[in-house]
């Protein structure tokens, strides 16, 4: 019997790694992947809780998160592609003309 | 140490390692592959936690569809690597510091203060039956009908959005 | 309203016309004066003033008929708020009617005189347009003076008090764009300003006295104040009377506020005669006499007043000795004589003070107007002399050079300077004799008016205040001396200047009023002869001032004073008469007296002292406050630098980035700069890098979680 | 409709009618616009006289009340509540009186954007009248803040070279004070359940310590507006840069909003706090009187001189108000009017000469009385009024104020009154300095300077005389026969004094 | 599956709008390129019809879809506001997109979808719905922000908005996960019930709530989650910015209010302090940075951040039942005031904007007062409203807000509020100064619908400030249904 804390801590660590990815990577795609990792970490926590609480609603939530993530990814990748067409780079640090 | 725990620890190690792999790979393709591995590991967790449907969804949607899409885009753009520039010298140390603080804070809060009680079900417990899967489906289409429908709209919107973003208008230069 | 029922009998209802007659006169002159001839203007003004005199006479007559019972004629409710009930009412009693008679009587004479005088004066000063203005101001003065003497409360008195101050300002500054010699200058306007401001200092004292009075007695009304005075702590009354003394010092030109009066001679001569000799400056004496019931309650205050007067009398008399300007001598003489009066009323010799006030009004007006006549005569003479030069001009080189020198003389010629005079006895005989009468009256020679009144003061002093007596006696000596000096310098010897040689006697319009005044100076003593049954003025004033002491003639005092005067005149003959002054020769006293004479000549350097001690520090302080404190410190430094600097400093601490202020926005250089530089610094955080934005989000999360941990 | 026909509503909003009319006039038809504005303001003045005719001075309560629920939902109890009483009637009349005069003064001075100018000016009148009539704190605040906007434009568009700076400074300063007042108003509204001033006064059980804070918050707004020393830093800028009409209204009415605020709100709403603050306010007022007078004296710019003299004059007003006896308060209110008339007239006159010479530097003038006798004489009268010569209006106000302050139990120290009386001397010093340097003495260099560019200096023309004469009439009237003015406010003032817990 | 008519009634506006949007998506295919005005008109019509329906729902209070959605006075008010924003958003965009050469039918469809997402957000009674609605409103906005592609700034704006939005979503999801872990449910009602039970871990719930707050804070642009705002507002097509500034803010605040005031009301002790700090920081930073802006779009963006701070103030006392209704009403009222002012201001910006991001510097407004007096007057009204001066809605709104804050006992915050308003006066006035007191030759376009937006906004801003009774009444009746 694994205490639920373990899962939660694991998810927290994964989440933190995801956050770190967003912050330290310049590649828009990797940033995007890191965000997916964050969502994934959250999902893990929900499923763990769901398992403890013996309810489906958590799993349903995770299901929606995955679906929404898919939608987001579609739009996100489209944006990245579009930007690459113009700038020939997906370095987010290159996208800093708007500032101040 | 029980078998459960050993399994958990190994998987956890793999999950963290793959996540870190994604984080630190220079090559975007490797990052994506690490992430796929990570997703799969998490899917195994889902199975362990008695959520086979979610585990399947995870593998098909996430690891399968989404990550393939990622890889596809990476290849398409040929943007595996970025030239090394360092316009934000303080970003990296600051980010790492803050992330570490975040991890420490949340660990501290979760383990010593919040202490979510209870243990997860052992693998193979009664939720993992077809009946339960059916029950879940019923929930999804009864109680969660609204979010379900809205999600469908959302997907439609995303589709429209993508088309808007990528479609080239007549007479428009790229 | 005391005794207002009496209004129904007699001519008391006319009281407001005291003020309104001259007001109507001035309004006529303001409105229609532009179309009237000079004569008509002068006539209107004189008639207005004369009407005032007629009213005064009628009031005095009614008062006498009613056995001197004071009458209050209510006129207008003025300020009613809370328990302050301030009305404009006329008080007709023997004291006020005395003043009214003097003011309007002398005033009317001077109006008439001024018609002639100003006719010439405006032509000498090349601005005939100001003729009308002069009479407007003069009428205004009569109106204000009437308000002063006829008011039934301290406040109305104060209104008139300030009003005459204004007239004094306007008339001193009548030739505001030049100096006394007619050159473009700030001198006259400076003199006017000086008079007004100095008077205001005195008014400040009066004002404080009025406040004390109101909160101690609950009223400004004379009767009510006097009634309540007995029940009030003497300390308060001392304060009231002493603050009032400041006012008196300002208006009646006593130490330390007398400095304005000599400068006031910048005004046309009728003004000097009317305002700065006969009437306005005596207002302080009137005020103390009016407040007799307060002063008699507090001997310490009385003593202070008496000493102030006595010291002023002596001090001013010494300065008069060293003056060269015919009017300046008279001005210091006036200060000195006012000192006599103030000393008298200070000692409680109110009748003596008032008596001297009246006689002084006569003879000092006479002297001033005669001096004016002299000045006109000299100006005429100068004009003639110049004219003669100009006619000679085409003749030859020497003529031309003379014309030039004449022209130069015109630049510096001062018709008031006694050093330019001499020998006028022959060219201006009428004026000479009139002047002699005035001089003898002022010097206190029997039987001229001045003798009787001055003697009464000295008599009083000799009985109660030996110190005052001695001071006044010495002052009397100086008085006789400087008047003697003046007579010798002006009328005897040989002319020291062409102008004096060509001087011309004045016209009757000028000399006739002088003759009236001369008669009054000669006979004025009859008002209050120190013989049993002849104390008319004393009895008259007794209606108002209760318990009037009347002393019989004291031959000892009278004898001493006469001898002193005669000796002084003799001395002046020795110095100035025996060997008349030659042109360009310094004053014979200069050598023997040395630095003392220098002091006299330079008015003991009091003006310079005031400049050094009060005026310059005030100016410097106010420039300091305005420029350094208010503008550079408060307006610029504090509001624009400190706040901005603080912001800069704060914004620099956190980010150690220099904020460029200039480029952002040029016009916002105020508080904006401060906030702006902070803003400009903060906006640099907005780097445009999406990752740093995410960092900010994370920072927020970390902080919130941190808060949850530590709270 | 009844609402619209209330006299006070009409009085307040009538100028809006003019604004509407002007909006539809072609901007090039400058004269028509001027006439419309002038007539509108004259009719407004007429309405104010009508209000005066209906006003019963012996009644200490609010009169001609227009009171309607305005916002009364969700715990709000805001009313459209206009009323007039002895404390405000004179100020209302002053506002209605000065507006046409100011408009007249712009006839030739403002040639640029006349349409906008008149619109802002009439809007300003609405705001000012509203401030004096509003009896609901919220309504009051709206009018109060609203006056900022048109004035800001008047300074900023038609002002002198540093107009933008001055306008912004004016705006920010005033707003800085008033926002704190807003919080205090809200506090009162929440805990009193109403914004109606009479109701709040009637309830009046605010704990002493809270009263103190509320008092300070209100004071912040009013003291800046007055402006009390040391918050006067915006005034010289605003006055110097504002166009003549703006200066007139600024000095004549806007500053009075601050002092009026003290009478209307600070004293009756927070009596304990006001009594407690009285010595401090008196101290600041006295410093302001002396400081303003001294600083005025050292000015080289005539408008600045007059501006600083306002600091001094309004110090008198504040001293009178916080003397908290009938003499002081009535004197203070009268002095508000006096200052409006005298300083208003001074600014008008300075504006008239400025229009010809385009300089405000005192030292270039001199001897003007000779060249422009009418102008000089009027200036003299106004100057004398400003320095408090008896027989003119200034004296009546200053005298009653000083008298009140001298015997004030609230201030309880005669030193303030005595020191302030020194200010009377100093007033003579700076006013005479100005008058002398501009009008007396030898001819100044500006005379020839102007001659070079045209006809030389001219005396006042008929329009200008018509502009200032009404002011002169009141200067004399109040000076010679102030009784009706006191009679208008005396009952209200005594009622107010009765409410104060003076030791 | 047994839904009752009541269920549908709860979501009628949403369903109607979504359906309309889907139909419009199809219909648009048949509308020729040069006649996209028809699409705009149809979209506006859809919004108007929905608005009608929404208004007919005033006073109804109901939950539906198994407690997933709720209809109450609050949601009706917010929906109406959102729909009006949508209509104005279309009005403002109609000519703009043409002028900028980015006219496409999808613009309007996406806008409709976004509005529908916003409405759903206001009606959400379950964190899942909140999450999905958040995405539904955001995704169209991401696309719209990048709508002016291939213009780089627009793409950059879209990208930044998207990346940061997704990042913030991550926090929302994680927060939701923790809330779920603490209470075992995602339904707001369930959370309320669970929070009352002693076995629930309050801390876990609090952390979850805090992370959810981060997400909302991002949407409403609260400091320090605000940094995307200026860049996105600047880069996005101005019409989109206008819509985004109003709509997203309204929706974000609506959800924030609903979630916090109901589900997390027991956490007020902790959350109040956090909200206090957020509000204070947001007001200060937003206003201070706005001062140094020279670009009107950025200036308005910071102004929008600052206003988020003001609205956040109303949320600070949310845990105090005595003032909750007042503060909610105040928040709603302010949102309404802000929405109108905002559209007005942006419409003026659009009137002056030229291709290739010209005409956007504040300096370009010089001389507007002389050349286009009406436009300048309208802009002045909006600026005054943003400062909070009479006679504008901004003042009434601010007064209402401050009142709520003071009544809640947060006088210190109110003081920060008024002081920052003072700072804000400075930069808003600068626009006025530039328009009236500097000389220039600004060029503007005269477009019917744009003018309509400007005029309507100006009139509403002024008139409703003088007669706010009805709006006040409505806002104060728009109470939340508490579970």
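For clarity, chains are labelled A, B, C, D and E in written order, and residue numbers in each chain start from 1.
Basically, contacts are C-beta pairs under 8 Å (C-beta built on N, C-alpha and C of every residue); 3 or more make two chains touch, one makes a residue touch a chain.
Keep in mind it's a predicted model, so treat the numbers as computed, not measured.
Asker: What are the mutual neighbours of chain B and chain D in this structure?
Answerer: C, E
Asker: So if I look at the partners of chain B and the partners of chain E, which chains show up in both lists?
Answerer: The shared contacts of chain B and chain E, listed by label, come to A, C.
Asker: Among the chains in this structure, which pair is joined by the largest number of C-beta pairs in contact?
Answerer: So the chains sharing the most C-beta contacts are A-B.
Asker: If I average the Cα coordinates per chain and compare with the overall Cα mean, which chain comes out closest?
Answerer: Minimum centroid-to-centroid distance belongs to D.
Asker: Averaging each chain's C-alpha atoms to get its centre, pick out the one most distant from chain C.
Answerer: The chain farthest from chain C, judged by C-alpha centres, is B.
Asker: Could you state the distance in Å from the CA-based centre of chain A to that of chain B?
Answerer: 6
Asker: Using mean CA coordinates as chain centres, what's the gap between chain A and chain C in Å?
Answerer: 95
Asker: I'd like the Å distance between the centres of chain D and chain E, where a centre is the mean of that chain's Cα atoms.
Answerer: 43
Asker: Measure off the straight-line distance from the CA centroid of chain C to the CA centroid of chain D, and report it in whole Å.
Answerer: Their C-alpha centroids are separated by 35 Å.
Asker: Quick check on chain B: which residues sit in contact with 2+ other chains?
Answerer: Residues 87-88, 91, 95, 98-99, 102, 106, 109-110, 113, 115-117, 143-144, 147, 151, 154, 157-158, 161, 165, 174.
Asker: Going through chain E residue by residue, note those that touch at least 2 other chains and give them in order.
Answerer: 128, 132, 135, 139, 142-143, 146, 149-150, 158-160, 163, 167, 171, 181, 203, 207, 230-231, 293, 426, 433
Asker: Hunt down the residues of chain A that sit against at least two other chains at once, touch-wise.
Answerer: Residues 4, 8, 15, 18-19, 22-24, 26, 31-32, 43, 48-50, 52-53, 57, 60, 64, 68, 71-72, 75, 79-80, 82, 85-86, 92-93, 95-100.
Asker: Please give all chain pairs that are in touch with each other.
Answerer: A-B, A-C, A-E, B-C, B-E, C-D, C-E, D-E
Asker: Quick one: in the complex, what on chain B touches chain A?
Answerer: Listed in rising order, the residues of chain B that touch chain A are 2, 4-5, 8, 12, 15-16, 19-20, 22-23, 28, 31-32, 35, 38-39, 42, 45-46, 49-51, 53-54, 57-58, 61-62, 65-66, 69-70, 73-74, 76-77, 79, 82-83, 85, 87-88, 91-92, 95-96, 98-100, 102-103, 106-107, 110-111, 115-122, 127, 132, 135-136, 139-140, 143-144, 147-148, 151, 154-155, 157-159, 161-162, 165-166, 174.
Asker: For chain C, which residues are in contact with chain D within the complex?
Answerer: 76-84, 127, 129, 155, 158-159, 162-163, 166, 169, 173, 176-178, 184-186, 188-190, 192-193, 196-197, 200-201, 203-204, 207-208, 210-212, 214-215, 618-619, 621-623, 625-627, 630, 634-635, 638-639, 667-672
Asker: Mind pulling up the chain A residues that touch chain B in the complex?
Answerer: The touching residues are 1-10, 12-21, 23-27, 29-30, 32-34, 36-37, 40, 43-44, 47-54, 56-57, 59-60, 62-64, 66-75, 77-82, 84-86, 89-91, 93, 96.
Asker: Show me the residue ranges of chain C that touch chain A in the complex, using the header's touch definition.
Answerer: So the residues of chain C touching chain A come out as 683-684, 686-691, 694-695, 698.
Asker: For chain D, which residues are in contact with chain C within the complex?
Answerer: It comes out as residues 164-165, 168-169, 172, 230, 233, 236-237, 291, 294-299, 308, 325-327, 330-331, 367, 369-370, 373, 384, 389-391, 395-396, 399-400, 402-403, 406-407, 414, 417-418, 421-422, 424-425, 428-429, 432-433, 436, 439-443, 481-483, 486-487, 490, 493-494, 497.
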